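Take a look at the structures below.
Both complexes shown next keep subunit A, but they swap its partner, so subunit B is in the first and subunit C is in the second.
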Partner chain A sequence: MTISAERPTETAAGTTAPTGPRGVSWTNRPGWMSQHLGTALVLAFLGYLLGHWWGNHIAGNYAYINGASGQNSVADFLALLLMVVGWLVGIGALNYPIAKLFGREAVEEEPAKGLSRYFRYTLDHKVVGMQYVVGVLLFMFTGGLLAMAIRTELLNPTVHIFNPGTYIEIVSEHGTIMMMMATSIIVGPLGNYLVPLMIGSRRMAFPRIEAFSFWIFSAGYMVIFSALFFGGFPTGWTGYAPLQNQAGPGMISYLFGFAVIGMGMIAAGFNIAVTIVNYRAPGMTWSRVPMFVWSILATASLLTLATPVLFSAGLFGILDHVVLTSLYVNEHGGSSYLWENLFWFFGHPEVYIMALPGFGIVAEIVPVFTRKPLFAYKVAAAGMMGVALLSFFVWQHHLFQSGINPDMRPLFMLTTELISIPTGFIYLVGMGSLYKSKMRLEIPMLFSLALYFNFLIGGITGVFLSDVPVNVTVHGSFFVLSHFHYTIMGGLLFAFMAGLYYWLPKMTGYMMNKKLGLWHFWTMFIFFNLTFFPMFIIGLLGQPRRVFEYAHNLQGLNDFSSISAFCLGASFLLFFWNLMYSMIINPQKAPANPWDSLGLEWQTANPVPLYNFERIPVIVTEPYRYSEPGAPAYADFGGGGSGSGSSSSVSSSVEE
Partner chain B sequence: MTDTYKDSLAPNATPEEREFEFRSHIGSIWTGGRLAIGVATFMYASLAFAYFYLRSSNNSHLWRIPGQLAPLYYGWTILICMLLMAGLGMYGHSRLRKGFTNDFQVAGWTGVALGVIALIFQVWELVVLPFYPGSSGYASTFVAFVVMNIMTIVFATYWLETAVARSLRMRKELGGTKPELSSAHTARSFRANVSSMSYYLGYVGIISIGFFLMFYVQ
Partner chain C sequence: MNNEPRHMRRIVTAWVIASVIGDLLWWFLVGPHIPPGNMTESAHWNQFDFNILAITALPVVFMVWIWMGYALVNWRDKPGVPDPVGGEAAKAPYKVQAAWISITSIVVISAAIYGTIALIGDHGSGGGEGPNPVWAPAGTIAANTAAIQGKATWSPTGDQPLVVQVIAQQWKFNYRYPAFGGMETNRLILPVNTDVVFDVTSLDVIHDFWAYQLSVKADANPGVNNVAFAETRQTGQFMVRCDELCGIWHGAMYNSGRILSKTAFMAWATKTEAQNASNTKYLPPFAWTYTPDANGANGGLYPDGNVTPYSPYDTYGAKQPAS
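Here is the complex of A and B:
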């Protein structure tokens, strides 16, 4: 592939919107006539009312639908369905799909300027990325508050703040919100923002699908959150039948919320996977793709292929509630194990949906701060794809204790242990990169190191748990709870923080305050471990999950864990304060390439132009040649630079 | 399912860059079409899993009440409509590749009409079902299949309809009424879209046969 580096004869505006066929514009109309978050909220509310009225109108007289509770499931479901439709109509997601029915073209509009663009349906991947940042932080904040409520309740084994029903509702909502947030926490904000920049593309393959993924994700959040107003759901985040079938209307919010967020996950994964496959810059062969992009590709593949099963599982559950099928009802020819199988067929790949991007982030950060190439690049890439593939063959280990044919246990024990091999590849690649390096302990690097520490504990306990005897012994205990918090929170969330501190200067143009960042890191790292490590012991001593009363002799450990959890919560407040302080109160302009990275994303101008690169870069070498003085730059911008300058060579100021 | 292709979004793109982005765009349509088939496959696979899982479990001996069967006439009508729609979509694509835009449009509109008929029958079938949705495992999975099939028919018909509707507006770019292939980017992009669509319709045809055999043949 040859792309001329010569500048075109016409003048370059860089950020001018393209001209195209004009049509009816909705998003740029002033005030109440335009489509934005406000109209979406209004139409969502009206849709909710309409759906409720409609459901009561068509099914209000059917005693067997209203059931003993008198709650009309049809009305509950239609209310949520039309709420989501109203939300999408209000934000403008359906404008173009409807116009297409008449063969009309997309209306090319001048992109909205200023803050208002973050409240609209936009086709700029960078704006969508920032929308996701705010969205997932809101998710996390809500889930975090619920976690504080859980730990408050567990301060005392007998004196209670909540009744048992409320407690399990809080636990369920916390788990569901956090798990759904976690599936998108990196792919959404960082994947959408950074992937085109890192592969040298000017755009996403399907920007409308990308924007749709965010707004449907937001709708899913509202649906899941609405369960709290319908009495919650008592099943935990796993939603097991037959309890699922016995639960009240909050269960519909759970099932429909999963289906809605599932649509968002499919859309996000679909768009990103297609973009990576097709829009890589010339010269970016598969052996030159940044490791973060590899991780996002593996994750996007899982999102696209595993999530439809979650969607189906949710659909079946909704049908059981709304039209009284019996897919999960044993007594009527269904099976509660059907849900378990479908749920975990998605649920276990989901674990890697959460883990892989985290490893992608640290694989990107470590070479920058050690000034060394990524150790065994190809092994890391193979590990990413190996984990993605194997993750489809391990789901039944979640059923060791709940229904699996005992003869099948060894097989799934084996597949589960097998997956630790490619996971080990990825981990050892990190260790190899750190080996004998002179590290710059900046905040992103600290968070990356913390990930390796935490994941070691989470990973090793995971290997124990894959063995049937241990699994049977500690099933449903705090040991399991601690294990998955170490992998998800200790791995993913620390990686997310590493990514935010590392890339926010690029995304916002401002540096995060280092002093506050250090406070945030150390408090988060220390109190994370003080919160969750005792839970291994608590679990081994026999305390079950999701139960608010426990043995008196465990109060000391529980109190220690709770107080540490409050401090952990406070560490997040430090982060939010740092965010506000660094972005609004005392913004410090970020240098063009503050970490001296060779990554393509740092070679564009700041702020990033609408079309990312003035010239499409040509990739000429491997991405991590930090330790080779005089090595050619990663990309050739044809001499024209990309806004802020041409690609850095490795002989940077940080080179030691 | 994509926009009509427009030259590079960047206002100052060089001709080489435009060509590069165009090839990426065509590749995206190809990849996206196949990935859409992957998404649908996993969705239908979960339904097939439910069918065989409940059938083999036969909990409470209620996989299927003796004699319980979905209305066969409806099943045949929907299947024939779907197969014809898929066939016409693929035929239209083959004609479009040879430059016969009119043939594509006629085949496309007929396919859309058949899709709408299939949709009406599929929805109406729920009204005339001779069994209660929760009466057995079979009845439950059948209702789930109907809902999933409605989504598939809507999606396939929508894709076909939007392609035909666009072809009417793009008559000039597609080469008018002459049987010739336009090499304009917009025309090549449109043909790539129709190509992906015809693959998807072919897939829908195969799925329709498979699930017809599962649900309508005792």
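Here is the complex of A and C:
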């Protein structure tokens, strides 16, 4: 059935704007007077200048804060802090809390129409999802360019293109930007856009927190990017102390950048978890929740529980720099092990923050293209939650050679290897779904199959790494580097591409070009493997990570990997070209349900109305009943008794 | 339906054949060349361990690949392929689920048990074991205690362990030999057929001492003594690299070492001890770590290279008060 446009009485904020004399509005102004990306940029710039001046004013005379570099850490930190505050004020993120602080009601602006809404602080989860799409692609493009620079430097073992300082700066920025991007690459764009649609909700639980999560995420991008202008930081994405304490002003960008991104991750995770638990449509019991939503719930739990540790770790680092505490300095009573523990206590759940949404996407896509029910639904859900739970008990496998708790190594070896059991569930589900299916090899399905291919290599080599005796040889080498690129890029990024090709027709109304998509898929798949598989061998043959000089006999393999990496980079250009071509140059209108999916998100009108569903659907059965004659539809949108009843109750629940 | 091929039989047959061939090829052709080789006892066992994991992993990889390949050929959307069945008939049989979970659990837990046995049996497998190693070869703890007491000795006759301290700093490694007057060299020379105790520490940031062919890898933490063991088995040259990012010249922090016969090592050590004597006397006394804490304790290296405690004023950079 078709669904009419949104009801005129409802607004995106879910509130009818109070018009009393105490109302405060910064946003009901026409055109450039209102708040948007431009005002955010201006206030961020002014905030930066103000913070820098302020820092120098209050701490310019303290020689030991200035340090050997002559940079005043207080000024560096305050500049970035006020830049972020300026950004948030400029975009309008603080209007509501500030108004509330003064006991007033913030007056919401009417939801903007057209393109301009994508440049504003908006409470529509679909707009936030699209903002995230652009945000993470920008992040990825930056990190990808840096990767090209790394591979260029490694073309020759002794002739250098960059000086060592620049090289470490590039390596560190690449790692950090990619890790930050990867935490949000699926949860941000697809999670925000699709979760309410898939659970039959008209909105997120906390739309302001959701919008905040995007705008603080983008502020984090600016902060980490700013390190490039401060000479970078020499620590890699792991930021180990006391090298961290020794480093120059770029380190502040790293520490504060992670804290800022961390706030976004906590906000996003909290909002999404609450939404999934509380806003599911009537009838959507836990055994009827789509697998993608399960994976996002597991990820959201990790985001909410693990990221505060990263936030605190970053804060401690900032204190060490700015007010000369010595939390990470052994000589003054701190401990470099403290950073290692805090960082990896966040860092390992983080790895699954990056893996789980990918599993969710393929589990969602595979039944559609095999035309079969998902094999062992409950095992899949248990796998996701099991991985999430176990991920909190494995972090010291990063520290097997560090000398921390050496007698605990067998325990962490066991927990790490145990996590392959729930990860194996995902394979059982995927492989079982292929059995006697009728596979439609559309591009999303190809990317999903590629995930199973790549992640298998990434996962199995993870077992090698978790084995302490083998770890002695492979720890810290290119073997590790290849392993996590196989899981994050080979898993998460391929799943993200699967998700984009699959859901962009819903999100934009236009189909991605299939021919270009095939070119993109095959070049990406082939050159990904040609880039990273040789790195297992390079690592085994003794090349440590993050070096710019290596043994002469490894040049052949390194060159092979570098040239493949350039081709891999080119495959992303193909993707961007496809995106431009299919969305702007030659847009082809997408059918309402191009993949014949039973998913709830495809049952909404196209384009999705502001309020998603005219009536809140009632879920009547399991989500993946493909090829089953006579099976009822997944959801009932009709005007029958229970449907209309719940519809009216939800329309009142959106008021705050 | 009777004409339908017996898919499972085909898949299992292909899988068994591929796994057997793959494992045999790996064990006899690839395995012996897998690093780190056979230069030390732990290198030998770590190579063995890698190969055990490899022949366990190959059948798993083949299983998924063959399954996916078979599905791509036979179960894709093309004419003649029957439509998939939905409903109850498509439900996942509990037996399959239970078998999968049981088999993966058994494989994984066996791997963990085997890894633990290998780790303990090989005295930490050459990895960093912290300041107080729990799995040490016989005699090594006593040798380390003698070293800190200034009583370390070593001779080419007998089976005495050799204590070597690895001092990492930005961006080089130095090696101290307490049995030879605490001399310090910038090249790691070791005797063959000897238990070596590496006391790894750092003067500044975290480094990682990776003697590749020896299969020794231990983080060098400032203020921490991280102990690792190796039993040398072959003479020859080996590579040492820093394996933890330690700043801009991390990529250039490498050098090479050599394992000599016991008599050649003794000759080199006594000669070097005599040559370096004029420098060795300025070194701080042998200690586990050389970065003092805020009170000047726990460190042997003082600003004047002597016995003056590290001044807290110097540490914090304030001016000395007029006395």
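Observations on the model:
To be clear about the criterion, the second predicted complex is superposed on the first by the 607 of 656 C-alpha atoms of A that agree within 3 Å, B and C clash if a C-alpha of one lies under 4 Å from a C-alpha of the other, contacts with A are read in each partner's own complex, and residues count from 1 in each chain.
The criterion applied here is as follows: a contact is a pair of C-beta atoms (placed from the backbone, for glycine too) under 8 Å apart; a residue touches a chain by one contact, two chains touch by 3 or more.
This structure is a prediction, so every number in the text was calculated from the model and none was measured.
Shared-chain residue A:Asp407: touches subunit C; no touch with subunit B.
Of the two partner chains placed around the shared chain by superposition, subunit B is the only one that A:Phe206 touches, whereas subunit C remains out of contact.
Once the two complexes are overlaid on the shared chain, A:Ala570 sits clear of subunit B and of subunit C alike. Considering which of subunit B and subunit C touches more of subunit A, the answer is C. In the superposition on chain A, contact of A:Leu342 is made with subunit B only, not with subunit C. When both complexes are overlaid on chain A, the residue A:Phe548 reaches subunit C alone and has no touch with subunit B.
Shared-chain residue A:Leu101: touches subunit B; no touch with subunit C.
Legend: residue contacts after superposition of the two complexes on their common chain; A:Asn330 is shown touching both subunit B and subunit C.
Of the two partner chains placed around the shared chain by superposition, neither subunit B nor subunit C is touched by A:Val134.
Taken together, the two structures place residues 330-333, 337 of subunit A in contact with subunit B in one case and with subunit C in the other.
Across the complex, subunit B is touched by residues 1-4, 6-8, 10-14, 16, 18, 20, 97, 100-106, 108, 201-203, 205-206, 208, 266, 270, 273-275, 277-279, 282, 304-306, 308-309, 311-313, 315-316, 319-320, 323-327, 329-335, 337-338, 341-342, 345, 611, 613-616 of subunit A.
The residues of subunit C lying in touch with subunit A in their complex are 7, 34-36, 42, 45-46, 49-50, 53, 57, 60-61, 64-65, 67-68, 71-72, 75-77, 81-87, 90-92, 96-97, 100-101, 104-105, 108-109, 111-112, 115-116, 118-120, 122, 124-131, 133-134, 204-206, 208, 210, 212, 215-219, 221-224, 226-227, 239, 241-252, 254, 291-294, 315-317. Listed in rising order, the residues of subunit B touching subunit A in the complex are 2-4, 6, 8-17, 20-21, 24-25, 27-28, 31-32, 35-36, 38-40, 42-43, 45-47, 49-50, 53-54, 57-60, 62-64, 132-141, 143-144, 147-148, 158, 161-162, 165-169. On the subunit A side of its complex with subunit C, the touching residues are 63-64, 164-165, 167-168, 234-236, 238, 240-243, 246, 330-333, 336-337, 370-373, 375-376, 379, 400-407, 409-410, 413-414, 417-418, 420-421, 424-425, 427-428, 431-432, 434-441, 449, 452-453, 456-457, 460, 463-464, 466-473, 475-477, 540-542, 544-551, 625-629, 631.
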